[in-house]
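Structure record follows, encoded as structure tokens.
Labels A, B and C are assigned to the chains in the order they are written; within every chain, residues are numbered from 1.
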Amino acid sequence: MDEFAQKLYDTFILDDRWKYLTNGLCTTLIITVFAVMIGMLLGFLVAIVRATHDKTGKLKILNFISKIYLTVIRGTPVMVQLLIIYYIIFASVRIDKTFVGILAFGINSGAYVAEIVRSGIMSIDQGQFEAGASLGLNYPKTMLFIILPQAFKNILPALANECIVLLKETSVAGYIALEDLTKGGDIIRSVTYEAFLPLIAVALIYLIIVVGLSSLVGKLERRLKKSDRG
Amino acid sequence: MRKTAFVAGLLTAVFCISACGTSVPKNTVNSLDDLKGKTVGVQLGTTGDIFAGDIENATIEKYNKGADAIQALKQAKIDAVMIDMETAKAFVSKNPDLKILDEPFAQEEYAISYAKGNDDLGKKIDEALTALKSEGVLDNIVTHWIGDAADHVSFTPDSSITRNGTITMATNPEFPPYESMEGGKVVGIDVDMMNAVCDKLGMELKIESMEFDSIITAVTTGKADVGVAGMSVTEDRLKNVNFTQGYATSTQAIVVRTS
Amino acid sequence: MIEVKDLRKSFGDLEILKGVTINIEKGEKVVVIGQSGSGKSTFLRCLNRLEKPSGGSIMFEGTDLIAATDKQLYKVREKMGMVFQHFNLFPHLTIRKNLTIAPVKLRVMSKEEADERAEIMLKKVGLADKAESYPNMLSGGQKQRIAIARALVMNPDVMLFDEPTSALDPEMVGEVLELMKQLAEEGMTMIVVTHEMGFAKEVASRVVFMDGGVIAEENDPQTFFSNPESPRLRAFLSKVL
């Protein structure tokens, strides 16, 4: 028991090592929140381009670019994308690594959000587009006021899940020496040479956040169902 | 046609963005004192990591691999890298735009780590090391890897020995000349030395590659019998593992851009 | 008001409309009947360009709808109300918002004006108490009456009805037809694709029989039903009457 207490002390208390975890958590949350924003923005834009092309045959060039973006991003691991952005796109530039992380994970998430949103748009009955058009609403207005609000409601749970996935994926940020939550645990591990406590602590923190978010998503879903019933 | 033109434009734009950064900022570090307030790259869990922690106001970036820290230094993302001398020399010899600062650091000793309570094995390896040193085998191995005559020829294990049991060695093959990957195999001083040790003990050598900061954990949890990775003996490490006698000495080095 | 000349529409190799020519004057109530697949719905959807014709011409109040730019087209659609078989109400909006979203977003009315006009239209269709309800709280008949009100809010010059009662339970057909009759009596120009022969007889100023992608026969309802000329129409009427 004494030995365990000593390990607890060495892992978290000595030299304020717990700060590696709290600071890491902060970095992880900052990256996740801003990456989600970039991802949503990018995802919605790409999805609208793709859906518009599917429905009307317009925006050929934008659709082509979007397709390349989706193929490349979904066809390569996020860690490789992160390294490419850090060492190739921003080669020889001193750049804030948190920003690099946000950018990499945002661009990555955008591709997944785009496909979620597109499926949401495509799931809306064609009659809704026609009803909008018959009232004189043009395509962008119909999309914005009629289609997207309905699609958004349908895909909200999937979008929330994407946020949760993103939060966990940011754990590879340590590869560009970003001190996120996972890296925080690794740093403690590298000074105490003791794996159990730091890893379990890191896992627990992720778990608590994810479970918390999931229960929020669950609540949201139930509320949406209620409003569906009227 | 328009499509192709657009894609071509896009690619050009990307290259322009990357090209913008080709003017690397000037080196500003010429001594240990200059490191105050600078950004220093280290490999997570190494002696350099510990040393760098003592520099005033410096930002320490802890990379998983020494090579990543060197890459970041070349791209001026950081101001200096603190790493073991022989490894620093290996990196600098391949990168003419980098140099090692002439700063004296305390000597450290590399030794082989083994789990506490595994003293039988520790003692046997220790004895083998003593023998290898007195027979000149160890010096011979080192000359193949360090110095002007280094030919990178690996030690050849004696095939006539009957071997009983294996020694699993945890290492991080990103640390030339002690260990690195060549032709898909882990090679270097540590590997040759352990092969020689195994010859003495009549045992088989098995190599497990991993991140540097995982090696001691691998030894304490029994995933590996020994940790051999150009690892210096430190107070903190001694709390968790035992070390054999030292087999090499090293110092820390500060690597910076030449201009 | 609407002049259609040699209107053609193909879906791939399949030619649905093979040259439809018709003139519709202001105040007319044209009822279009015919078997499924005769092209009557496609004809109606071509009139407000929900379908893009493959050939021919459509003039609406002096605008050439084939050559029209997208912008002109949307302007024209404000003047052509359309009622769909499946209502196509906006499920995420209240009934009031369903009625006001188009005029407000198109800036043809202020929010207050639109609300006021929605109020009047809801009263007209007898559903003033449903303003704050959502579409899925209404019966099929009520939904279609709301859909008609939604089209009327835009103050259209002509109303297009695409089988407005086909998706309704029988007991709800009456309330919708009653409302359409009322509209007709108020002088609205109407083009109605339907299977309701009673409505055609009672309300239509002209009945059009479409067959095989062309207008096979058209006449005033009296003559149309009592004295059909072509054997195809006679066969069709004997089946539906």
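Note that in this section a residue touches a chain if its C-beta (ideal position, glycine included) is under 8 Å from a C-beta of that chain, and two chains touch if they have at least 3 such contacts.
This structure is a prediction, so every number in the text was calculated from the model and none was measured.
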**OP:** Supply the minimal count of touching-chain steps required to go from chain A to chain C.
**Re:** 1
**OP:** Mind having a look at which chain is the central one, using mean CA positions?
**Re:** A
Subject >> Chain at maximum distance from chain C, centres defined as averaged CA atoms >> reply: B
Original post:
For which pair of chains is the number of C-beta contacts greatest?
Top reply: A-B
**OP:** Could you please state the distance in Å, as a whole number, between where the Cα atoms of chain A are centred and where those of chain C are centred?
**Re:** 46
Original post:
Using the average of all C-alpha atoms in each chain as its centre, how far is it in Å between chain B and chain C?
Top reply: 79
Subject >> chain A and chain B: spacing of chain centres that average the CA atoms, whole Å >> reply: 35
Original post:
Can you list the residues of chain C that touch 2 or more other chains?
Top reply: none
Original post:
Residues of chain B touching chain A in their complex?
Top reply: 2-3, 6-7, 10, 14, 17-18, 20-25, 41, 44-45, 49-50, 61-64, 68-69, 71-72, 75-77, 213-214, 216-217, 220-221, 236-237, 239-241
Original post:
Which bits of chain A are touching chain B when the two form their complex?
Top reply: 60-61, 64-65, 68, 87-95, 174-177, 179, 183, 186-187, 189-195
Subject >> chain C residues touching chain A - in the complex, by the definition given at the top >> reply: 48, 50, 70-71, 74-75, 77-78, 80-82, 84, 86, 88-92, 101-102, 105-106, 133-134, 136-137, 150-151, 154
Original post:
Along chain A, where are the residues that touch chain C in the complex?
Top reply: 125, 127-128, 130-138, 141, 145-146, 149-150, 153, 228-230
